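A, B, C and D label the chains in the order they appear, each numbered from 1.
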Amino acid sequence: MSDHENSFVHIASVKLLLVVWIGLMFGTWLTVAASNVDLGPLNIWIGLGIATAKATLVALFYMHLRWDKPFNAFVFLAAFFFLFLFIGFTMMDTAHYQVHVIPGYSPGMGG
Amino acid sequence: MAGHATTPQEGLRVDHHFENADQQYQSAKLGMWVFLATEILFFGGLFVAYAVYRSNHPEVFIFGHHFLDKNLGALNTIILICSSLTAAWAVRAAQLKQIGLLKLMLVLTMLCAFGFMGVKAVEYNAKWKHGLLWAGSYDPHLDHDEPITESTTDEELQVPGAEVEAEVASQAQRVGDADLVESEVVSESTVVDAPTDRSNIASAAEGPTGLAGAGEHGPDEHAIDIEPANAQTFFSIYFLMTGLHGIHVLGGIGAFLWLLWCAQRGDFATGHFTRVDMVALYWHVVDLIWIYLFLLLYLIE
Amino acid sequence: MAEAIEKSVGAGPGGSDPDTDNYLTHGKGVLSWLFTLDHKRIGVMYLVAILGSFFLGGVFALALRTELWTPGQTIMTADTYNKMFTLHGAVMIFLFIIPGIPATLGNFVLPLMLGAKDVALPRLNLASFWLWLTGATVAVASIIIGAVDTGWTFYTPYSTTTTTAVTAMTLGAFILGFSSIFTGLNFIVTIHKMRPEGMTWFRMPLFLWGIYSTAIIQVLATPVLGITLLLLVAERTLGVGIFDPSLGGDPVLYQHFFWFYSHPAVYIMILPAMAIMSELISTFSGKHIFGYRFIAWSSIAIALLSFLVWGHHMFTSGQSSLTNMIFSALTFSVAIPSAVKVFNWLATMYKGSIRLAAPMLYALSFLFLFAIGGLTGLFLGSLSTDIHLHDTYFVVAHFHYVMFGGTVIAFLGGIHYWWPKMFGRMYSERWAQVSALLVFVGFNLTFFTQFVMGSHGMPRRYYNYLEKFTVYHQASTVGSYILAVGFLIMAGYLLHSLVAGEKAPANPWGAATLEWETTSPPPYYNFAHEMRAGDPYDLDAMRWDPATGGYVRKDPSSVLASSGEAG
Amino acid sequence: MAAAPDPEDGSFWMPPQISTIASNVDWLFNFILAISVFFFVLIVVVMVVFVLKYRRRAGESAEASPNHNLPLELTWTGIPVAIVIVIFFFGFKGYLDMATPPANAYEIMVEGQKWNWSFTYPNGYVDANLHVPVDRPIQLVMSSADVIHSLYVPVFRIKQDVVPGRYSKVWFEATEPGEYDLFCAEYCGTGHSDMLAHVVVHPPGEFEAWLEQASNFLETMSPVDAGRKLFQVRGCMQCHSLDGTAKTGPTLLNIFGHPVTLSDGTTVIADENYIRESILEPAAQVVAGFEPVMPTFQGRLKDAEILAIIEYLKAPEGATQEDNS
């Protein structure tokens, strides 16, 4: 059977695992550092950029997507695609109808 | 998840309806990826709520995030990243039938998970003390003797300056805060000790955090003093997102315990590592989601 | 499991007599059913459970129609009526029609069509069934602890303020959602990993394309229902103020959440029905399906587009004009693939050799009813007309023409088509035709009248109504009774066939898909040999065999894998 | 009930057209109807012809014919595309007219609450029915006191959800004097199907007169009559009967001066103060056996109006029984 696994299994080297780990640590430091520099609206996008870079590292190496069947990666990305549709349309609509919403309306909060 | 029923006696057995181990492994794996996709969309709903409310009421989020502790958030991020490392390492160990190493990695991963929940407990407890809860129970009361455990160091240090113009209520919190710094440190270190081998790494990475944070907080002093309408929304979303994530962490702990038991039983002696692989995949997604939660909840400017 | 393995090795099940050794006789006792990993038994258990739910929902429906015989109180109070229509909706949708075809016929037929021994993840399959049972129990329990009066859409803030058992019902729906997710996940994996030799993607029976498209929606949309219902429960128990305006929440946001799932969900309901149609039309026209690729791609197109149209449920909700415009445009786009399918089915009948057996009767009434259901969708997709028609009986009628006239009718067609395969017995053709006719007539009388009163301004979910609508309501009620009679007859002859029906041949209809290559009912292990797939619609490969009273392959070896014996 | 036009006044499909946009909506409706009928007939005829023509006969099997035909399939993909684009365009065009009120629209505030409508006119007068002048654009600015409602006037072809926490707007211009039905179209609970009102379209010039006369009812009417009017107009009667039957709230038949048992078991005499408090702070003293669901009328009823209601409830049964205009 052992010959079988080699046929379809990728084994990540310890070196790779550690390098990725360092990358993630650095990314975390970078996110926090960046959040303390006031770049106005840019902040959120830079933050998301770094976070996505970190996520990509995890997915590609720790989750073996780099060596996995492309379709598995496709499935995972598809989830994000549909999530963006959901976020996009909903944000577009809510942003538009805010003008009708009574600011701070929340009678149930007792003032 | 995986369609297996391996027991040591039979070795790596292929279920009756599969042709070979490859087909069986690939099926389990595709199944897991599809499941992870559903997880993304499951959490997705909360991200949509977050996006909608933050884009339409940024002031609420600017205000609310001051009550979260960046350092504890960063610490938890680091803890989870380390657990991802050990989880990935565990898979490697299982693939190479290094059962001893596998067990060690599983234990380390679990310790990280417990550490994470410990830190969360500290944060939740502080919110609870000050009524900084979801809308239904939102009732901020910032008594003099009790420090707001979570809005720490950098912000607090500025307090004396803000004191003058701050209104009495929000006043009180900061005044008390001076003494919180110690209590903070204590609670932290106790948590960090859990995964002993990396408590030092944690504090190391915290250095820059603290520094960077200290430099730049003046501007927000006012933001924190004036509570915008519907501030409760931030805390609702905070508890929903971190709560759902926490439940997934607990689920992960359960899964790792199960793996440990399987390893103990010798299931993995045959190089049959699918289960370890699947649980690790799940765990990495829990990590991925936190990477975003940390950014979106703790690091708002 | 272990003994199962032994059985698989050696004893070539297909060889033995189907009457004495088949999946029905393989293993005795309730537990051998409740804990089976056999996709066929799980499919049958689903069939029983889901038809049970259909009966329950149907009883609610008849009660509703009876109440509406006169304006004001006829047999129940307003509150009872409100709970009744909520339960009718919730039971029919979450318990019956969403799991409906995939969980029953899908579970039974899909692996057989693949020439496989089982679905890829049999334990997960059983788990889905148990999740369904749990969810159904919780949902039905909510009836006992006070029922729900929100309508199946659970709109906030009504659902967060009503004192009825919303939490229990939504938790039930939440659990049912995961049952649905795991079924879809299982089918995706099975279709990807377990296709037999020779079955390329474009040699799959169209039933599989339909189930596959459905599964895509199940796994991508249902989680959002999960989080939505979870938020609703949190809203009621903790008051998280995401959807509840009194706590600073946004009730229209709930509608976005809800419809992001629940619009794709209607395609979870209709796609499997279309999948069945392709099999029925081809088989009973004795013709190769026309335009295979267009039908296959249109299923995928519907699945993907279904995620882009949810806003058409919210045209009057205060949604912005821009959003309304975009969603209206996208909504029409999803009409195209459905139209393409209909035309392809018609073309399949061209120059065919058409048999009006019961399944085909249902296929034909599907074409008739789905045409009406689909076309009336145009009135609702177009903005200015929808403003008038939204939340009236016009919508109710449209929905029932698509879901009942479409999905349920095709489901019935499928049940009659695969019944002999499932239970090894033939039902009474004559009675089948009688009930098919009654269902068709009763259905049109019930729901066509609702189009007319709807466009005249009769709002839905109304306990009381203006005198002028009485005549329509009474016609509709009469129709519903005829419908009920049709179903009673059906229940009668189907049950009768189980005990007294004549033995079914392996292939009573002459279809060329693999499930007909094994005995009726199939052996525990489905096939005696590893199978190889050819063109699933090459009906010329079959010939009538007077000896068995069914059809057989002219060249049986053409579907046997080169690898030869199984096990 | 209203002199609501019965279906015969409209077409087979549609109610009469009483607003400026109605004809446009109906035109599109009929346009789509024509297309639908065409395709429906096409499908059914082809189906029936094939069934008859190619019905299986003994010995015969299907004739050979191609399994696909790209040009043909592209055609019947393309034609529907073209048609729906046209439908979408007209639908959107019509919608834009419905969505954009003219600048000079006469504004009426609408509040929906379980289970009645109240319409507040520019001069502050509140009525349970919607009175409008004919041939004049009207804009309704709508809000909800509790759950989502939806204002629907079939003869105007307008519908707009009324959402708590926001102001939603809808406009129309009536073209025919008369009295028409107004429904709540968004399910809102027990009384949903009774949450009706009339739209009274006044002939030219008569609207102002009506508003003038209706507005000072407190002066023109006796307190009891004014109280009765308020009782009907402001939604009390949606939940409180005067014939002894309990609805969502307790009946108010002979309540004045009689003891009332509260949910906490105590008993109080229903005097002026009790009634007043029950109107302004309904949750304070809830009658045993009823849910605390009544909305407060704090700031929504003037003192004089509350007094009138009290007078009305004081009045002997006779006064309360008659009339239900």
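Quick notes
Please note the rule applied: contacts are C-beta pairs under 8 Å (C-beta built on N, C-alpha and C of every residue); 3 or more make two chains touch, one makes a residue touch a chain.
Since this is a predicted model, take the numbers as computed values, not measurements.
Annotation of subunit B and subunit C: jointly contacted by A, touch as defined at the top.
The chain pair with more C-beta contacts between its two chains, of A-D and A-B, is A-B.
Spacing of subunit A relative to subunit D, judged by their CA centroids, is 46 angstrom. Taking each chain's centre as the average of its CA atoms, subunit A and subunit B sit 14 Å apart. Averaged C-alpha coordinates put the centre of subunit C at 35 Å from the centre of subunit D.
Multi-chain contact residues of subunit B, defined as those touching 2 or more other chains: 26, 30, 34, 37-38, 41, 44-45, 48, 52, 135, 229-230, 232. Among the residues of subunit A, those touching two or more other chains are numbered 71, 78-79, 82, 86, 90, 94, 97, 100-101, 104-106, 108-109.
Subunit D has residues 164-166, 168 in contact with two or more other chains.
Taken pairwise by the contact criterion, the protein chains fit none of the simple patterns, being neither a path, a ring, a star nor fully connected.
Annotation, chain-chain contacts: A-B, A-C, A-D, B-C, C-D (touch as defined at the top). Those residues of subunit D that touch subunit C in the complex are listed here as 1, 4, 6-7, 10, 12-15, 21, 24-25, 28-29, 32-33, 35-36, 39-40, 43-44, 46-47, 50-51, 54-57, 60-65, 67-69, 72-73, 76-77, 80-81, 84-85, 87-88, 90-99, 146-148, 150, 152, 154-155, 157-161, 163-166, 168, 181, 183-194, 291. Of all the residues in subunit C, the ones that touch subunit A in their complex are 192, 220, 224, 239, 241, 244-248, 250, 252-253, 256, 260, 307-308, 310-311, 318-323, 326-327. Of all the residues in subunit A, the ones that touch subunit B in their complex are 1-2, 4-5, 7-9, 11-12, 14, 17-18, 20-21, 24-25, 28-29, 31-33, 35-38, 43, 47-48, 50-51, 54-55, 58-59, 61-63, 68-69, 71-72, 75-76, 78-80, 82-83, 86-87, 90-91, 94-95, 98, 103-104, 106, 108-109. Against subunit D, in their complex, subunit C makes its touches with residues 78-79, 82, 149-151, 155, 157-158, 161-163, 245-246, 250-252, 285-294, 316-318, 321, 324-325, 328-329, 332-333, 335-336, 339-340, 342-344, 346-347, 349-356, 364, 367-368, 371-372, 375-376, 378-379, 381-388, 390-392, 452, 455-457, 459-468, 537, 539-540. Chain contact summary for the complex, subunit D toward subunit A: residues 143, 164-169.
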